[in-house]
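Paired with chain B in one complex and with chain C in the other, chain A is shared by the two complexes that follow.
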Partner chain A sequence: MTSTFHSIETAKRSLFAQQTSINTVGHNISNANTEGYSRQRVTMTAARPMEAFGINRSTSAGQLGTGVEATAINRVRTSFLDDQFRNQSKYLGAWSVQSDTLNKLESIVNEPSDSGIRTVMDKFYQAWSDLSKDPENVTGRKIVRETALALTDSFNQTSKQMQDLSADLTSSIDVKATEANTYINTISSLNTQIRRIESLGDDANDLRDQRDLLTDKLSQIVNINVTQAPEGYNISMGGTNLVAGDTVTPLTPAALEAAFQTGDLNSGEVFGMITSRDVYVADYVKQLDTLANTLATGNIQVTVPAGSVLPGTTTPLATATTMTVQGINGLHKLGYTMGNPATGADDFFTFKAGATGFTAASMQLNANITSDTNNIATSMRTTTTGGTSTVVVGNNSLALLMSGLNEVKFTFDQSATGNGISEATINNFYSSMVGALGVQSQEALRQYQNSTAQTEQVDSNRQAVSGVSLDEEMSDLVKYQHAYGAAARFMTTFDQLLEKLINGTGVVGR
Partner chain B sequence: MSLRVTPGMMHMQLSRNLNRNLAQMDSLQNQLTTGRKINKPSDDPVGITYSLRYRTELASNEQFQKNADAAHSWLDFNDTVLGQAGDVMKRIKELTVNGSNGTNPQDALDSINSELTQLKSQLIDIANSKLNGKYVFNGQQFDKLPYDVNAPGFDAKQVVTDAGDVSYAVGVGVTLPVNISGNEVFGTGNPVEADNVFSVLDNIISNFAVGNQAGAAAQLGNLASRDAKITNARSEVGAKVNRIELMQNRLDDLGINLTDMQSKTEDADYDKLLIDSKINENIYQASLSVGAKVISPSLVDFLH
Partner chain C sequence: MIVETIIATLEEQADIYVQLLALAREKTPYLVGNKVDQLNATMQKERKLLKRAEELEQQRMRLSGQYFSSLGMLRYKGGKITEMIRTVTSPQEKLRLTELHAVLRDSLEELQKVNQLNQQLIEQSLKFIDYSIDLMVEDPSNDVTYQHPQSAGYQSSRSSAFDTRG
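This part shows the complex of A and B:
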């Protein structure tokens, strides 16, 4: 037996349910541009009908409906796409950093240009060639000195810039660790909040959105694996647990480096940073060091012309003699300074105090030469009269040999080259280094663009599922508005029925 | 998968496309403003290794051209000086022939002698010729005066000039000696060569001084052989000039080739770039205006 006021209750439920839907539409519209928001849907279910199964069943026919109920508000979201997104965004993170670093290395190397190391080296050899024409000339010597200083400056500065880049990457790792830790901490506290709310039976939609968003962001920094457990998201990086319910293992730069070594950290921005620093930048620093070291001391073969007097001897060579010397330094030491009596020349390049060998950073022009250009050797010939050796200043053999060094193959230390070249001209070594940088940079850029496209693709798919469509929300709004209106009208109709019943019937006796 | 399309997706897609378009424009404009298609190694990693090589080769080519020019001017100078020496030799020969024809009285021989003495000084001057501050006949000792008349006990025929080569680098591994030593031209000094020009002159002068015309005439053979040596030296210089000129031509050609190859590797193709950039601009504008139309309207605009 239904109550007199049964339909008022039905109408009221309908009004409430439609209102809930309208509120949700409003919530969706408000969050149309919220990052990480997924649209929400109200699940409406017909309320439990009268005359449920039981002993006290009345004799009236049928199950009378009791209207509608909003039973749940859910997010529309596919967790499979979340997994896909996080899988892609770790590559995006790694390649964007690597591509960025290689790009920076390219601008440090600064080729092709009129100011890179190659130009400076050309100028150095040209200065020697000019000096060979006027070996007695002070101006020519000064130009050789200046170009040599420019050469060492270029090496020093390029090395410095690479070291700076390396240091920048180290501090970026610190910053990223901090950023990751805030995400990890928030995710874990969201785990707690979500569990608390959902224990009451509701869905913590907006908190879940936040947690997913933070997880997305974390996935770009380090490679993570997310599993859904009763206590919330469990997040691990390789074998390292980061979040387990409400417990957190914070990331430290040291822990990240260790994870890089063990392979737990294998993609993401931090991986990109460590790779950039320890692989790319370190490799180019090493190659540059090798270049500087080889230029100064690498084995080369030179042919000393007949008539030259080797230092320590007084007899001119009868025939041209081919010999192996140690780089520019070794060659320079075959000659004589302009001083009288004839004095054997010193090293051309030296390394800075405190350094243990020639590196791009430590290389410098011998201070003797910086202060007195007469210590630049051009002559390989002396004459001896009365036991005193005098330099033949017009002899330009050494200057000629120096200016020809750009075509001479140097022996590179195979273990240190890093680009597999054991014997090459300085220019060849350098251009193969620049070429390799170009290839790596191009590859990194391509990978970056690829992973961007793929991440965007997955993100599009996610948006297609979870994004708020204003058109859709508007039509829903119209739909719910009409339903609300109709429910209100139903209430009015029933009100009129009761009006008739109460005020219009049973007028007998009035 | 049938996609729901949301405004958010459209915004994302549009801004992505606009961005891609802008990046493309940026790259095109970079090429247009620098005039180069390789602006960093990754633009063309293979191309850049060639580019670096061409640049280096061009630099050394320019240097070789400069060196060749300098060698050329040194050789030209040698030629001029040897020409002058040849003229002097001719005059010496004339005077010697004149003086030894038997009819000359002693005072005529004395005046011939005074001219010969002058010519000897002239030859010493020539032997001390200087180019750019360098004594060209003193080998690698070009900073020292070879025939120093003020030196104590100076005797021109005793002078030993330096035999070292002054070499200029005019190509990869190619050096060219540009100098001739004084002894090669005027005769060796120690031991004194029979046809050493100063010794010959001294002999002629001393013979004329005592009226020994036959003795002076006996030197004519030496005079002729020295003259031939000077002429030889001059033609050798000529041959070297030819060689250096050939070298210069080759260096010029190489320079043109290298510049051409460098340009092919590095330079932007302006016609193509301009067209591409125009197309890109149009696409960009089209995407902007389409974007403006697509983005704004939604049901919100039409429902009342």
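This part shows the complex of A and C:
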């Protein structure tokens, strides 16, 4: 036999359960725009029927229900999609950084343009060509000097910008390591909080959402593997444990570099940064250095015209002679300066104090030439009268040879560049470098766009499952409101019944 | 002139591949956003173009076979455009063929890359669908225990929600 007041309790449970649902709907609506929030749902089940055993068991027909119970509040989420998302977002991270770096490299190289190395080099050859028409002209000499300065400045500047980019990437790695550590620490403390709350039997939905959101963010920085254990999320990067329950292994830039070497770090933004710095930027710096070095000292074949007097000799060449000289410097040293008596010319380019060889950064115009343009050699002829050699100042053989260098093939040190070019004109080498950069950049951009599309797809799938639909929530709200109203009505009705029972019984209508 | 016919065919082919490329690019956002209706509509258009592309390819192969036969170069009967460019004598035709060759090569290469992305997107969706179905349907290969061969009744006792497989 159930209690007389049984239905009061049923109505109360109903009111409570519907109210819980309404509150959950309210929570969903208020978090409609919260990043990483997944919608929550109340699980309602019929409450356990009370039926005593043995002699107290009611003999009345059927079993009377005892109302409803809200047994759990769960979040609607598919962990499979989380895994898919994290798997894609690491590629997105890596390619976005690589594409960005290559883009910056492209703007540093800045070709084709009026200020790129190529244009500056063309102007340099053009200045020599102009000088060859009037080798004694002071203005012509100054123009050669200015264009040579512009050329070395271009090399210095490009190299400096690339070094800066490399340094920027290094400091970005530090920043990302700090960011990743923040996430790792928070995830681990969330692990502890979630375990504490869930040990009481509740679901820590909102904390779990936060933990998933942070894990998603971490997955973009480094490649991670997430496993769910009783003590919370265990996160590892390759073979390196980052989070195990409440134990944290913080990331340091040095540890990240080491993981890059061992292959534990194989994706994510940090991977993109290290690859960009050590592969792309380092490679272009090396190519540019090789270019500068070869321009100054790389072997070339030149044909010295008949009548020229080689330095250290006094007899003019009877026939045109082809010989190998070492770059612009070697060629310049075949000529004579404007000084009297005839003095052999010095190196055209030198490297800055402290440097050990020609690089794009260390290359500069010989200080003698910078201070006195008479040290630019144009002539290859001397005349000897009475034991003293005098330079033939009107001769333009060297200026002609210099201006012809843009068509001459230089010998490149292939082992330094590794791009398979051993002999090419400076222009060809440079265009192949710029071309390769363009292709790499285009490919990186494509990969970036592809991984963006794939990440968007998983995210939209995830939103379809976990996102808050305001329409749906509004219809739920109406549904639960009706149920709440009906439950209240039921309670009023039962109250009236009891009023009759208590006030009307035994008075027989008096 | 047979070369003119071939050029006309190639022009139409190039045009079709450019259209196919546009359609393939159109498909990507539909795949990302799970818009199946629009995807179906695009694929209808694509199907028509593909049919035409196949016809044209057959026609081109036949024509270029005839062309190389007329030159007595039976070895090249398959007919690559590059070989044709080498053998054609008129400069206008040579130029036109070179241009078409570039257009065809670029658009096909791009088409392949876009299709690759679309394929990856489809694979990703399919993985989720496969996973969702696996939640409800038991994998038939999970019948790892021995059963009495004559009692067929046991086999129907699967604990899956839908019995769609085997």
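Keep in mind that, in the parts below, the second predicted complex is superposed on the first by the 500 of 510 C-alpha atoms of A that agree within 3 Å, B and C clash if a C-alpha of one lies under 4 Å from a C-alpha of the other, contacts with A are read in each partner's own complex, and residues count from 1 in each chain.
By our rule, a residue touches a chain if its C-beta (ideal position, glycine included) is under 8 Å from a C-beta of that chain, and two chains touch if they have at least 3 such contacts.
All values reported here derive from a predicted model rather than from experimental measurement.
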When chain B and chain C are modelled together on chain A, clash or fit: fit
Partner chain in contact with A:Gly65 - chain B first, chain C second, else both or neither: neither
Degrees between the directions from chain A toward chain B and toward chain C, using C-alpha centres, nearest 10: 80
First (chain B), second (chain C), both or neither touched by A:Ser107: first
Touched partner set for A:Glu456, first chain B, second chain C, both or neither: both
Partner chain(s) touched by A:Ala464 [first = chain B, second = chain C, both, neither]: both
Touched partner set for A:Gln84, first chain B, second chain C, both or neither: second
Of chain B and chain C, the chain that contacts the larger number of chain A residues: B
Touched partner set for A:Ser403, first chain B, second chain C, both or neither: first
Chain B versus chain C as contact partner of A:Ser432, first or second or both or neither: first
Contacts of A:Gly339 with chain B and chain C, given as first, second, both or neither: neither
Minimum C-alpha separation between chain B and chain C after superposing on chain A, in Å: 6
Where chain A meets both chain C and chain B, residue numbers: 456, 460-461, 464
Residues of chain A defined as touching chain C within the complex: 80-81, 84, 88, 446, 450, 453-454, 456-458, 460-461, 464
Residues of chain A touching chain B in the complex: 32-33, 102-103, 106-107, 109, 111-112, 118-119, 121-123, 125-126, 129-130, 132-134, 136, 307, 381, 392-396, 400, 403-404, 406-407, 427, 430-432, 434-439, 441-442, 445, 456, 459-461, 463-465, 467-472, 474-475, 478
Partner chain A, residues of chain C touching it in the complex: 28, 31-34, 113, 117, 120-121, 124-125, 127-128, 131
Chain A-facing residues of chain B, complex: 1, 3-9, 12-13, 16, 36, 38-46, 48-49, 51-53, 55-56, 59-60, 62-63, 66-67, 70, 132, 134, 138-143, 162, 164, 166-169, 172-173, 175, 266, 298-300, 303
